[in-house]
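Two complexes come next, and they have one chain in common, chain A, joined by chain B in the first and chain C in the second.
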Partner chain A sequence: MGFKEYVARRLLSSLVTFFLIIVLNFFIFRIMPGDPTRTIARDARLLPEQRELLKKRFGLDRPLWDQFILYLVNLFRGDLGLSFQYRGTPVVEVILGRRMLNTFLLMGSSIAVALVIGMTLGTIAAWKRGSKADIAAIIFSLVTYSIPTFWMGMLLILVFGYYLDWIPISGTITTGVEYQTFWEYAADYLHHMVGPMVTLVISFIGYHFLLMRNSLLDVFTEDYMLTAIAKGLSTRTILFKHAMRNALLPMISVMALEVVYLFSGATATETVFTWQGLGLLIYESVVKQDYPVLQGIFIFMALAVLTANFVADVVYALVDPRIRYG
Partner chain B sequence: MLLKVRDLRVYYDTVAGVVKAVDGVSLSVERGEIVGLAGESGSGKTTMARAIMRLLPSNARIVSGEIVLDGVDVLSLSESELKDFRWKKVSMVFQGAMNALNPVLRVGEQIAEVLVEKAGYDKRRAWSRVEELFKLVGIDPSRTRDYPHEFSGGMRQRAVIAMAIALNPDLVIADEPVTALDVVVQSKILDLLKRLRDELGISVLLITHDLSVIAEACDRTAIMYAGRIVEYGSTEEVFEEPLHPYTRALISAFPSITGERRSFEPIKGDPPNMLNLPPGCAFHPRCPKAFDKCSKEVPELKEVKGRLVACHLWG
Partner chain C sequence: MKGLKLRLRVLRRRVSNFWRIYRTSKLGLAGLAIILGYVALAVMAPYITPYDPFESVALPFEEPSPQHPLGTDHLGRDLLSELIYGTRVSLMIGLTASFISVMIGTTVGLIAGFFGGKVDTVLMRLTDTFIQMPQLPLMLIFVSILGKGILNIVLAISVVAWTASARIARSLTLSLKERPFVEAARAVGAGSFQILWRHIVPNVFPVIFAYANIAVVDAILSESFLSFIGFGDPRTPSWGMILYFASRSGAMSNGFWWFVIPPGLMIMTLALGFAITNYSLDQVLNPRLRRR
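Here is the complex of A and B:
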């Protein structure tokens, strides 16, 4: 099987999966108890004309089969319906834009920092397995990995926000402040980001550390590593050329899965810090029963998971020569 | 004399106790000679090989002894001297060539990198040298850019041999080089080793549990049992007239292809517990000719009929 055929196959299977998810996403909300016309259209906060528009848009008076076709047609036109909690704002507008940017910046930087720190520590620990530093790092990782993020977030808010007053307690920016320059705004934004970011970095490090360490230790026991040492190659060549490339293979799928966080956000952390991202939006939509928004986020998440997995599959094929033929 | 190992003792510290994997082994290899080292699993063959390359696992310690290769005192080399010593003076063909090659690097690259890093070749010269080496070991030189999984078992073993001779070492240690291969390929690989010995003048220390491999390829043979060499002499003599009861038992436990039809005689009892070796000669509980002295005194390796034997039967 050639590389192009491999990519085409993966792409096709991703598309099939996406279609199945869309179908599931439709029926999941229909099998929920209660009549959708009542739960959705009778929201008191919706204006009467919007309710009529919504009813007509979704064809809620028509048979289920028709509704499904309509749902697909609307979906491919990029129409995900109107949000309840935001008084009829289109779901696409609610999700894309600010919310997504906030989550992207927070999750992206947290994952990147955690990945670099975790993998570096993991490599050092694996190379010096059994040393005091290795054992200390394992204990640190297990403890931080086990702490629930909402609790760690609250602890940070209490200590660094309330007692020490180093970080803002909540929000994305300080409310009611007029910014003179963009940089002033950016500084305030980043100041707000410290709390949730530290929380996320700490909770992500352990995972990356343990994974990298284990992955490398597995590789170290392979015969080809003994060959590399026997060849008298430099430590750098042994570690980075022979060990790393093999040890990074399992890390690719981990990174692919983490791309999902870029879209879903970390609901617990965002909620604790009132970080105006998609994670908080999920929480709010559940509380306020804003089904169109939830449905929209689900689709975006599915799209993100599939894209990330597709990219991971392609990267695998590029890094590991065995995959195309296997 | 190229390699001289004298009274080498290598012990492993394990949770269960100390394993005396190699316990007082002396062995020599001449230039251009193929020496076989045979014995059951756990008799210390691989530990010997690893000790010569200073590739022992971290729980192993070299308790005593001396390893001299071409005038170099191997045990006194520093870490940085070792990097230079390995592969240039002595290289290794590992047990199970399947896994000895890195799956994500091209086969040629794994040979070229040694030439670049250790012999100062530039990339282009290194790759053309790799092609020469492929020809020498009988692989189509157009396949240097293949990955290991695109090679058959026999080709991988040839590639590993090409890798081992890349820097023209004095000694190649081949640890079970043909074990996972079928007999036809086995025989071809052994012929290759003999041809390389003739053409390049390298010495080979061939480690195997398979006596037929030894009989086919080795000039001299050392038989190991429980961390000690029990018999060492020319292959012909050892096979014609084994002097140590263990060698005799080992040979009669193998079928003979050329000789007359005879029934196998399995060796009685189990291989010794390396954590708790029997006193005296470690083979005495399984030995048909054991007498009083055998359970009390460890027999020395002494010259008998022009070879070395460690058995009380011989004085």
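Here is the complex of A and C:
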């Protein structure tokens, strides 16, 4: 199987999965108890003419099959319906834009920092496996895995927000402040980002650490490592040129998985810190029963998952030829 | 009767073998001790709580004192008693939800792996899609559809969290069904169901059992968050629910640390108990890891 054929196959399978998700999304929100049109149009927060418009556009008075076709058509036009909580603003506008940017900045930087720290610690621990430092790092990562993320946020707010007054307690920027320059704005924004970012880095670090450590330990058992040692190469060369490169392979799929968080946001962290991102939007939509927005986010998440995994598969095949011929 | 006796003896030998190796892991014993401690706490709750956790017994937001070692909450209820009772709710939801999700996942994985072909393709496509969706938002969406309450929290967690065990069960089944003993069973005329039940399930079980510990950790953490944002049942407060009340009554902006710190520590320690156990089981059950 050549590279092109491999890519084509993966693309086709991604498309089929995406279609399945659309079907799932369509039915999940229509099997709810009560009137199914309630989740799309029948909400007091919409104007009567908006409700009529939605009813017509999504064919809500027609049989389910017709509704599904119309749903597909509208989806490909980029029409995901109207938000309830924002009184008729199109769902696409609610999701894209400001909130997505906030989540991108927070999640992107947190994941990057957690990756670098986790992978470095993982490499050191794997090299000195069985040492006290290694065991301490394992316990540390098991502890961080077991901490509820939202509670970690609450602790940071209590200690660094309330007692020490170093970080703001909530929000993305200070409300009611006029900024003189862009830099003032940026500084305030970053100041608000410290709390959620620290929370996220801690919650991600242990996972990255354990994965990197185990991946390296697997590589250490390979014959080419023995060869490298027998050749008398320096520890540094062995560790970073021979071991780390190969151990990075499994990390590609981890990164692909984490791309999803760029779109879903960190629901727990964003909720505790009221960071105005997509995670908070999910929470607010659940509390305010804004089903159209939830459906929209579901589709966006699925699209992100599938794209990220498709890219990861292609990258895998590029760096490791065994996969495409396997 | 004789068959049963023989099987019991095999089982006993397996258990004692397992225990002999597991005993050498200090970390594993610590994890087991934590879990058993919590189970004891849950069972003994009515006998060791100083106050009725559902009654106001003092003023609201009282600081820790000899009468109330962990202070009181927004309604003047004794927080220590609430925490002890919360063990029951959190432990029960964590165990039930993970049990259901692991059962669903294992069944899906066994069927997909054993029968292969189109069944496998369809089931695995579903699994792969779900496994990569962020779990919390997905659970939130399900809870918002199902409504509040403990039962719905259990359902939402199970419906979302089954995918990892499906993957594990499938890959194990795929390798097991090619082994000589399965071939032998087939040669003497055993049916599909019999092979699955008698030869594959017993070999899949130990690995799934180790994984189940991580499923419990995830379920406990998910439950605490779903309760924290107010989807729990206020009449049976879990630790997450207590934190919900804390957050609602402004505990963080007023510095009521005794309302915020202990419930989280309870969640963390219980989760850690299962996480450590999982880690040690991995070392014990996976000979490759032991050798490394």
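As a convention for this text, the second predicted complex is superposed on the first by the 321 of 326 C-alpha atoms of A that agree within 3 Å, B and C clash if a C-alpha of one lies under 4 Å from a C-alpha of the other, contacts with A are read in each partner's own complex, and residues count from 1 in each chain.
Quick note on the criterion: a contact is a pair of C-beta atoms (placed from the backbone, for glycine too) under 8 Å apart; a residue touches a chain by one contact, two chains touch by 3 or more.
Bear in mind that the values here come from a model prediction, so they are computed numbers and not experimental data.
Participant: Based on the superposed arrangement around chain A, label chain B with chain C as either clash or fit.
Facilitator: fit
Participant: Just to be sure I read the superposition right, which of the two partners does A:Y261 touch: chain B = first, chain C = second, or both, or neither?
Facilitator: second
Participant: By residue count, is chain A touched more by chain B or by chain C?
Facilitator: C
Participant: Check the residue A:F104 against both partner chains and state whether it touches chain B (first), chain C (second), both, or neither.
Facilitator: A:F104 sits against neither chain B nor chain C.
Participant: Kindly classify A:P321 by the partners it touches after superposition: chain B alone (first), chain C alone (second), both, or neither?
Facilitator: In the superposition, A:P321 contacts chain B only.
Participant: Using C-alpha centres only, what angle sits at chain A with arms pointing to chain B and chain C? Round to the nearest 10 degrees.
Facilitator: For this superposition the angle at chain A equals 70 degrees.
Participant: Check whether A:Y185 is in contact with chain B, with chain C, with both or with neither, and answer first, second, both or neither.
Facilitator: Neither partner.
Participant: In the overlay, answer first, second, both or neither for which of chain B and chain C A:F160 touches.
Facilitator: neither
Participant: Is A:V305 in contact with chain B, with chain C, with both, or with neither (first, second, both, neither)?
Facilitator: second
Participant: After the superposition on A, what does A:F26 contact: first (chain B), second (chain C), both or neither?
Facilitator: So A:F26 meets neither chain B nor chain C here.
Participant: Please work out how little space separates the C-alpha atoms of chain B and chain C at their nearest point after superposition, in whole Å.
Facilitator: It is 10 Å, taken between the nearest C-alpha atoms.
Participant: Enumerate the contact residues on chain A facing chain C in the complex.
Facilitator: Within the complex, chain A touches chain C at residues 13, 16-17, 20-21, 28-29, 32, 129, 138-139, 142-143, 145-151, 154-155, 157-158, 161-163, 169, 217-218, 220-221, 257, 260-261, 264-265, 267-268, 271-272, 279, 282-283, 285-287, 289, 291, 294, 297-298, 301-302, 305-306, 309.
Participant: For the complex, which residues does chain A have touching chain B?
Facilitator: So the residues of chain A in touch with chain B come to 222-224, 226-234, 237, 241-242, 245-246, 249, 319-322, 325.
Participant: Spell out the part of chain B that touches chain A in their complex, as residue ranges.
Facilitator: Residues 53, 55, 82-88, 91-92, 94-96, 99-105, 113-114, 117-118, 147, 149-150, 163 of chain B touch chain A in their complex.
Participant: Going by the contact rule set out above, which residues of chain C touch chain A in the complex?
Facilitator: Per the stated touch rule, the residues are 27, 125-126, 128-129, 132-134, 136-137, 140-141, 143-145, 217, 221, 224-225, 228-230, 240, 243, 246-247, 252-253, 255, 257, 260-261, 263-264, 267-269, 271-272, 275-276, 279, 292.
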